Amino acid sequence: MWYYVQGVLALAMINVISVVGLAVFTGFTGLFSLGHAAFIAIGAYTAAISTYFYEVNFYVALLLGGLMAGLVSLIIGYPTLKAKLRSDYFAIATLGFGEAVRVILENLDITQGARGLPGIKVYSTFPVVLIVTLIVIYVARNFVFSRYGRMAIAVREDFTAAEMMGINLFKVRLRSLFFSAVCAGVGGGLFAHYISFIQPSMFTGVQSTMLTAAVVAGGMGSITGPIAAALIFAAIPEVLRVANMWRLVAYGFILVAIMVLRPQGIFGYKELSWKTFSGLVRKTSRAKGGAA
Amino acid sequence: MTVLEIRNLTKRFGGIVACSDLSFQVVQGEIMGVIGPNGAGKTTVFNLITGVYGPTSGQIIFRGQEIGGKRPDTIVETGIARTFQNIRLFKNLSVLENVIIALDQKHVEYSLPRALLRTPAVSRSEEKLRKLALDYLGIVGLEDKAYQRADSLPYGLQRKLEISRALALEPTLLLLDEPAAGMNPEESLELAGLIREIKNRFSLTILLIEHHMDVVMELCNRIVVMNFGEKLAEGTPEEIQENPLVLKAYLGEGYKRA
Amino acid sequence: MLLQTLVTGLAIGGIYALMAVGYSLVFSILNFSNFAYGAIIMLGSYIGYFSLVKFGVPFPVALVLTMAGASLLSFFNERIAYSSLRKRRAPSLYFMISAMGTSIFLENMVYATIGSSFMAYPEIFKQQSIRILGSSIGLLDLFAIIFSFVSIYVLHYFINNSRTGIAIRAASYDSMITQINGVNLSRLIGLVFVLAGALAGISGIFLGMKYMAYPTMGWITNKAYIAAVIGGLGSLPGAVVGGIILGILESLVSVYIASTFRDVFSFSLLIILLLFMPAGLFGKYLEEKV
Amino acid sequence: GQKAPQTIKIGHAVALTGGSSMWGQAEKNALDMEIAKINEKGGVLGKKIELVAYDTKADQTEAVNVTKRMIGDKVVAIIGPGQSGVAIAMTSVTEPAGIPFLATTATNPKVTVDEKSGKVRKTAFRTCFIDPFQGKVAAQFALKELQAKKAAVLFDIGSDYSQGLKQFFVEAFKKGGGEIVAEEAFRSEELDYRAILGKIKEKQPDVLFIPTMQKEAAMAMKQARDLGMTDVKFLGGDGWASPDLITLGGSATEGAYYVNLASLEDPGIQEWIKAYKEKYKMDPVMPNPVMAVDGLLAVVEAIKRANSTEPAKIIAELEKMKDVPVLTGKLTIDPNTHNPLNKPAVIEKIKDGKFVFHARFVTTD
Amino acid sequence: MLKVENINVFYDQIHALRDVSLQVEPGQIVSMVGANGAGKSTLMMTLAGVLKARSGSIFYNGKPLPTEPHLVLAEGICLVPERRRLYANLTVKENLLMGAYLRKDKKGIQEDMEKMLDLFPIMRQRINQYAGTLSGGEQQMVAIARGLMSRPKILLLDEPSLGLAPLIIEQVFKTILDVKAQGTTIFLAEQNAFKSLEISDYAYVLETGRVILSGPGKELLDNPMVQQAYLGVRH
């Protein structure tokens, strides 16, 4: 049983890495992406190709994957953020971007198209995944609890006022996007070396939306909330196995229920965010305040 | 010394000319009032100065530098800060954080890689910021509200927070857009005192839009009166109060007080 | 060849347009992307199928049943998944996630009850096609295009000129104040969802006739979202134009460039368009005055 | 001294939800029925067989999870999965654990043979033929029986199955002297092919090969006929094997041929089909259930021969398997590829709105 | 006409109104004076049905007041909210039409619309402009006009003079008197305490959520405590 639980956990943690990245972007700048699966894919393919064809060291490959995903995020982020696309427009643009990436992966030679890359070495053992996840969470937390996170929040809250505080909207948003893409890329690299076989069809828009769902259900502007949500979302389908074919019905139902009953997220609106911020805010009243 | 010079400034929104061939100058250390009927274009002038809009034509020269059409964040860097007619705080953040954000540009002493690894320098810098922010809150008397959510403050205190946040940007020119709106006469006078105090303490130059005439007359060295986007009059408070054009367009013939 | 390609594109675009309009309608009042819309269309398609095949009713009756059924679903969708969020004035992202949950729920509900097999509609407009200038267009497609134009025009007029229409737009900006103005918000929003549901029903039955009914058919609405964005969210004429542009572009790329890269082209177009017109062709950004 | 388990657990990795659940459910039904039969006769090695089935949703990550779970449950072998991609992903778990699986309809060669090293995967087996064979069958059938000279292909670029089968068909067709006049692709889930079909029409192919799943194939045939492609013959692979193909495609599918692993009309399995229909009140959705039963029978036979339920021994026996009677005939496994040898292909034809057994087809090199 | 008995209103834990009781008689102008955060707007919103009182009751002509905003309006009670709250995405004209949402008399609506444009002539030039782009004061005018369009029996005015030029303030107060003359009851919250007390028949002083003083407007105007705290008069 532990073998199986470990497996589920490892995949859940790999997911957590991407979710944490997305939480930094969506939760803190207020923009949401429906194309993050593309960054995971890019990370996965870059890392896998590095170890598979070029026998690059696994950890170097992970970094390469993250970096590549980050670079690609600039391709979509630079023009769209420069043009100041807003919420749904930005989301649809990223949705389109995600699909486009998948088409390209399906057509490239090096990725072997839809047939995918089988036989990737399994390096992502449980301890490796655990350690990488903890590192990513730590770094993300630091990011968020620094001026960079604070500026992002300001932009999310009121971008006009933020600009008037001397904040460069474009830089702040792009930086967060880049960070989240790197996380997704690292997650993708781990994933490829866990599952040992990747295909473009594994990185769909549905996956992107599930990532966003975890961030929102966990609580915008929180890191721990989305982590919890990602873990819970990974656990629900497994726990519901008994329900057989009804399990995904229940899954959808639970998702709606979370939003309806706790629209501020599982743990409430940014339960952790600034409150614990280097001991800054000690007796805040915000802990329980809703987003109303 | 002239700090800000507006030269033939014009701004059109479609058919509406919100600001038309406007020129005036602001001198170092003065409080200049901008008054005029509703829709005269006062806020638009502020928006042009702070880069919210780009001018249709004309120039805005701040300390010898043309700033018309630049991005707001670069304009802030040159030393201009403002408050908003419709309050724009970061509502979900605490009062303190609102001020810290203003401090983030000039007072932070760490780079992104350090932030990611959270070196001791980061914590030190953050602690310094917190202290500094509390100082700024102290100026407007909000330090005991530092940890409340900004939007739970009553209207009047929100205005004060906006002022304190603007001060934290360390401007040399401060633009205040109807700071006394929604205050009763007593509170307005108190606010006027505060404005004078910060002006002296930080040696600011202030541009003030206000409809509360007591405040304007009390504070301003000079006043520009706008009407339909144009300059209707300019002068000392005494001159303005006597000006028949101003009385007719803005104050009302019955205006007698002070 | 070119003409035929254009006509084919127009036919696909007509369907996109029809779906985009219902989606845009909901957007225009609640300001969020109702990702459950695809699932409502899908269920509409099933209702149409069962009416026609299992109950054997004539087509017009089936159409009405479908519209009614989808309206009802759409209405309950709002009541269950959105109304409490609305009352708490949750940000639009929360609505979207709730919508996603709804769509997962509905889709898998179909899998669990009806199963994964595909339902083919009887051939009502018996593959008739008419020839215009040497290119052929299916009667069904033609009907869909005309139908979308008419329903969209009516809707557009309604939203812009009627008392209720103004109230819908007002509520999209500030629902609290609309209530102060005497609007029964629950009823108004219910009405919008009923309307959108009726459109979903029509789309569903057309999609079903053109292709088939199956659990994941809601994905086609992705294209509708894109069409709506091209046209400008919340703009009904925009949704139509967006749908048709997308349909034609896809056909042209398929034929003259490469069908596999079709999506890359349409998405690139989308992104490039947004760079120059960040609110789509007809959308407007409400610049909040500072 | 561990207590020996009372039953023999056999895993089943199967898509019980999602788009492939139609076949998955049938697979599970068939296995349940077969195991009941075996247990009634006293089981194997005096123990009853217990089926441990988990849903994979036809998704790789889910499959990896459930495989781990089955291994935790101490299964001795696994039946399934039905999808090549899923099977390949599963090998990352079964290989180190040493638990064999017998894929049902995963026809991609890479399932059992590691592409890079060219070595056979120790734990991966299957009971179906492979795509190169299927592609060759389709190509030679088109050339010989349909007398086709020009073929066009419409495939799904987002599907590994479709991409692979297309490639093998094209190779074999060219090798046999035919000409490929068009290779056009669409992306998964898309349903309107009129634009590309128009392009194909201009090339006037004799045969249109559509190596996709039934939904896409049905739509393509329908739209092709709509566009006035009246003479072209349609040809497909085992992805077509669902009655939905005919309901969806309607009259357009009339006269189309496709290659299948097994046929409902295969005389050898009529009795079994009758039993299935009696028990479940419907036809088994071909070909997955028979392939799964083949796998089960092979495992049972291996256990018997090894006189042990140790997975390593089962693997050894599977590798040696020769002419073992299973549902679809006799099973021989090639130890170098773990593929069944001489598994015949069935050509089915759509006639009067029904799948009709057309012929067994043997390829020539 | 309107009777408030011991209501308590909360924002989460913040106790914004404490046992507030007051009464509004038909045909009168009743006003509220109070510092920032005293709870004036909270009371207005509660009367309009936007906020719910946790305890206490509100009676309108002897019957309990409905608690749904649209039903309150249907009873003839209309709130002009603080800080304007216009529909930024609608034109000025459409905003006015929304004010008349429950009215069915097309002609009457048209006439009233003309009246409003005469009242605030600058609105006439802006009639097809999006309300969101109006200047602050212009918006305030539209907000007042929108409230009047419903022809309320009781008009709740929350800081109608906010951000208005002195000349226009005069006009607004004149309008308030006109509206009163036509028989509409007015409940007014104003920071401009001088003017509002001057025209009020009766007034209440609110401090941190409690009524601490009440009396006829003129009387309060002469009250030293009121003068000092709200009128800026120094003795």
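Each chain carries a letter (A, B, C, D and E) given by its place in the written order, and its residues are counted from 1.
The definition used in the following text is that a contact is a pair of C-beta atoms (placed from the backbone, for glycine too) under 8 Å apart; a residue touches a chain by one contact, two chains touch by 3 or more.
Note that the structure is a prediction, hence the values are computed from the model and not measured.
Student: Supply the minimal count of touching-chain steps required to go from chain D to chain E.
Tutor: 2
Student: As a test of understanding: of all chains, whose mean C-alpha position lies farthest from that of chain C?
Tutor: Farthest from chain C by mean C-alpha position: B.
Student: Measuring centre to centre with C-alpha atoms, which chain is farthest from chain A?
Tutor: If we average the C-alpha coordinates per chain, E ends up farthest from chain A.
Student: Where the CA atoms of chain A average out and where those of chain B average out, how many Å apart are those spots?
Tutor: 40
Student: Can you compute the centre-to-centre distance for chain A and chain D, using the mean CA position of each chain? Integer Å is fine.
Tutor: Centres of chain A and chain D (C-alpha means) sit 36 Å apart.
Student: Just give me the whole-number Å value for how far the CA centre of chain A lies from that of chain E.
Tutor: Each chain's C-alpha centroid was found; their separation is 48 Å.
Student: From the mean C-alpha coordinate of chain B to that of chain D, what's the distance rounded to whole Å?
Tutor: 73
Student: On chain A, where are the residues touching two or more other chains?
Tutor: Residues 103, 106-107, 160, 245, 248, 289-291 of chain A each touch two or more of the other chains.
Student: Touching two or more other chains, which residues of chain E qualify?
Tutor: Where chain E meets two or more other chains at a single residue, that happens at 133-134.
Student: By residue number and range, which residues of chain B touch two or more other chains?
Tutor: 43, 52, 84-86, 88, 152
Student: Spell out the part of chain E that touches chain B in their complex, as residue ranges.
Tutor: Counting only chain E, the residues touching chain B are 11, 14, 33, 35-37, 82-83, 122, 126, 129, 133-138, 140-141, 159, 162-170, 191-194, 228-232.
Student: Which residues, counting only chain B, touch chain E once they are in their complex?
Tutor: 13, 16, 35-43, 85-86, 152-157, 178, 181-189, 211, 213-214, 249-252, 254-255
Student: How about chain A: which of its residues touch chain D in the complex?
Tutor: 1-4, 6-8, 11, 52, 102-103, 106-107, 113-116, 118-119, 122, 194-197, 199-202, 237-238, 241, 244-245, 247-248
Student: Which of the residues in chain C come into contact with chain E in the complex?
Tutor: Residues 163, 166-167, 169-170, 172-174, 176-185, 286-289 of chain C touch chain E in their complex.
Student: Can you list the chain A residues touching chain C in their complex?
Tutor: Chain A residues touching chain C: 26, 32, 76, 79-80, 82-89, 91-93, 95-97, 99-100, 103-104, 106-107, 160, 205, 209, 212-213, 216-217, 220, 245-246, 248-249, 251-260, 263-264, 290-292.
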